[in-house]
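Since the structure comes first, as structure tokens, the remarks are kept for the end.
The chains carry the letters A, B and C, assigned in the order they are written, with residues numbered from 1 in each.
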Amino acid sequence: MTSREKILASIASNKPTLVTLPNVPIFEGDGSIERFKTVLEGIGGTAVELTTKAECQEAIDKYYHDLVNVASDIVKANVAVNLDTTKEILEQVDLAVIQGEIGVAENGTVWVPESNMLNRALPFITQHLVLVLDKNNIVANMQQAYDKLEDIGNYGVFIAGPSKTADIEQSLVIGAHGARSMMVLIY
Amino acid sequence: MNHPDHPELAEAFNKDFERTTWHDETLWFVRQKRDKAVYPVPEFQDLRTLASEIKDHTLSNLDNYLIEFEENATKNGVKVHWAADATEHNQIVMEIIKNSCKVEGRNARLVKSKSMLTEECHLNGFLEKNNIDVVDTDLGERIVQFRNEPPSHIVLPAIHLKKEDVGETFHKHLGTTKGEKDPQILTEAARQHLRGKFVAADVALTGINFAIAETGSFVVCTNEGNADLGVNLAKVHIACMGIEKIIPKLHHLSVYTRLLARSATGQPVTTYTSHFTKPVEGKEMHIVIVDNGRTQQLGREDFRSSLKCIRCGACMNTCPVYRRSGGHSYDFTVPGPIGAILSPNIDLHKHKSLPFASTLCGSCSDVCPVKIDIHVQLYKWRQIVGQANELPAAKKWAMKGMAKVLSMPKVYNLSGKLARGALRILPHGLTHNQSMNPWAKARELPDAPKQSFKEWYEENRK
Amino acid sequence: MKVALFIPCYVDQFYTNVGVSTLQLLEKLGVEVVFPMKQTCCGQPMANGGCEQDSKGVYEHFVETFSEFDYVVTPSGSCTYHIKKHYDIIEQTPAVQKVRKSIYELVDFIENVLKIEEIPNSFPHKVGLHLSCHGQRGLRQANASEITGVRDGQISKLLRKLNGIELTELERNDECCGFGGMFCVTEEAVSARMGQDRIADHLRNGTKVLTGGDVSCLMHLEGIVKRQNAPIKVMHIAEILNGNQP
């Protein structure tokens, strides 16, 4: 008997009688931009409201003018990143500006599917991260987010603020392994 | 073999009064953060109920969901492996590494994000013996790895250490300035050190928080971003999960992602909630599904709901005993209340003191996001320890004697009178002798009244 | 209404006053109370120690003693919880079922059976309430901080209505005192530390009289108060409601 068969047989003989699966409702809630911004700022991110998506470049020039190596398919970039980009090049990226799909007001998180990442490692290896988000795609909570999402694709991540840790004495430190800062540009 | 039991280890922990204060207050602070994150969510209690019921359902159909998960994951191009126990798990992981990275002239390099399962299986030591370099990348885990210690908490692995301790460790291993203890500077040093490890790694290993049967996907939650950084830079991703990590559909995931971080650290969500379905072209993704005692626990009617645990650690943060005895006093991979109901399933003799390392206050059950009745199970494990003749003989016979006395009113009345009489006559030094009477180490005995209530009643009401 | 009084073993032996106050209080509230003389204990100490099978005789004796009554009232949330929750290992005869239903913790009985919301006494002291876990979380006699930030419960409702009373606002409203039955000796170090921390919270926040619904917790806390010579008087809730003064 393989381990697979052993485990499955053991489960079959040990599991209880079938219990009903409950219905998960789509809970209502506050899906306003204001709440999204407040929560995001509470977890160490920043949010900036723009009038149109075209203003992204202006915002990047304003907030990140000191960063040299930029990867993006939305604003001017000087590091070309795609699936084949090597680790050595990815490591040099100071700023990544990519599209976020859904914002969740209850926790300040933004859904980023693989298709928006340029390279799966980019949102994590970049020193700073900017996500661009359509304000009409902000929902109240995670139930609504998954409902809107439908398909999670090959790989996708909800990102909520910059990388952080509190592993030393519970002191919050921003910038553990991933992005040292995270901004959401809302248009 | 005689293991130091929880009372001994807890007593040793309590010898340092200030440090115990600090440990208690630090974890209580996390519990308070959790409260602040939970109270404003109006449906929080509904989510707990849903989370509990979805898991009840899943456990009752677990074999079918695992098969469905395997089918879908396989379709996605992921290789699924099954391990009956820790040994097989470790063997599988080693073989994946040896087969997929043929490195010449050096050891294969593995970066790991947090996985309590691999701690449970003692994977690191096994791989190192087999010439594989293992680097834990979660900051807390890296700290304890440097120190050659097990984690003392499942979410906050280095919570038993103070920043001075971490400073000393980093001075030794990372060359930070001697005496440097600023968490910001120490974290930056770890960042620089680990970035090098991420870039150099051949294989990345992660745990799994949730595995979705419907899609064959799995979800990994971190705050540091170490899981994503590791797997997206390495050629091979190995993800290890206990059989109980399954949920039926994507639709159910939100219930858990809304509960997990709020319960664990008081964050509204972890920084990264990563959903893995298919590997990138040219890379490998493996899932190792592990039993290691879980199906046995599934068969224990009174204890199977312990398999609903989502490893948030809230029961540790809330437990007044854990906060004042530290994770290492449990001497089990998963410490605290949840560990005290999981461990006897693995080794009743070794962990027999753990179900008693509780006042049965019930805070753990009320804080648990999946509503495991932890304190009820602690009580039930106590009975099993008692039935298995694992209680210390003196205690067992005292209990038996007490039970006899208490079922015979006359004997009870007389022994009560004699005991009170003795307490009234004997000198304080004798009744409060600390080696004979542990009560008296920090406490006075109550004054023994002349009359019991019964005697008073007979005199005044009859 | 036939009401019996159950005075737990350690109260009977060491806290005569709590028994007397409970009886007097119930009598003042117009309840005719019977005290069955053959009562001993609910069996909890052994059961929590892992020997519930050995307690069966005690359980049966308890049921035999109390099954003829409509209500069994006791100044202990812990014993009440034990009888309700853990008397499931003996045969569920009508008598057993009746006792498990008729057992009431004193304050619960006053508020929910007698429907009394106020006791017109005066207690002009700063009072710290220790919420005993079995009453609070076991019997749900008070809100739990794991569930809600609103601090409220049966005992505090009655206390608040006493003339001149001031209630202590604690930093940790419902942390366990560390008594825990046999735990207080088998895990002496943690038990003592938990009790010391509770007392410190009360001292920092001005408690002069410490009260609660379970003598067991109070015995442990009083042991610490006395060892530390702390300026706190410990009284059971029955004593305060009965009009006793510190």
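By definition in this document, a residue touches a chain if its C-beta (ideal position, glycine included) is under 8 Å from a C-beta of that chain, and two chains touch if they have at least 3 such contacts.
The structure presented is a predicted model; accordingly, all values stated were derived computationally and were not measured.
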| item | value |
| --- | --- |
| Category of the chain touch graph - line, ring, star, complete, other | line |
| Chain with minimal offset from the mean of all protein Cα atoms | B |
| Centre distance in Å when subunit A and subunit C are each reduced to the mean of their C-alpha atoms | 51 |
| Length of the line joining the C-alpha centres of subunit B and subunit C, rounded to whole Å | 32 |
| Distance from subunit B to subunit A - Cα centre to Cα centre, in angstrom | 28 |
| Per-residue overlap in subunit A, given as positions that touch at least 2 other chains | none |
| Subunit B residues within the subunit A interface of the complex | 26, 29-30, 41, 43, 46, 49-50, 53-54, 56-57, 59-63, 66-67, 76, 82-84, 88, 137-140, 143, 156-159, 161-163, 166, 183-184, 186-188, 190-191, 194-195, 198-199, 215, 217, 223-226, 228-229, 232-233, 243, 248, 250-255, 257-258, 261, 265, 267-278, 280-281, 289, 291, 295-296, 298-299, 301, 304 |
| Touching residues (chain side subunit B, partner subunit C) in the complex | 6-7, 10-11, 13-14, 20, 24, 28, 35, 39, 45, 318, 320-321, 324-325, 355-363, 365-367, 379, 382-383, 385-387, 391, 395-396, 399-400, 402-409, 412, 416, 419-420, 438-439, 441-449, 451-454, 456-458, 461 |
| Residue ranges of subunit C touching subunit B (in the complex, touch as defined) | 7, 9, 11-20, 23, 35, 37-41, 43, 45-55, 57-58, 60-61, 86, 133-134, 137-138, 144-149, 172, 174-176, 178-197, 219-220, 222-224, 226-227 |
| In the complex with subunit B, residue positions of subunit A that touch it | 2-4, 6-8, 10-22, 24, 27, 39, 42-43, 83, 87-88, 90-91, 104, 106-109, 119-121, 123-125, 141-143, 145-147, 152-171, 173, 175-179 |
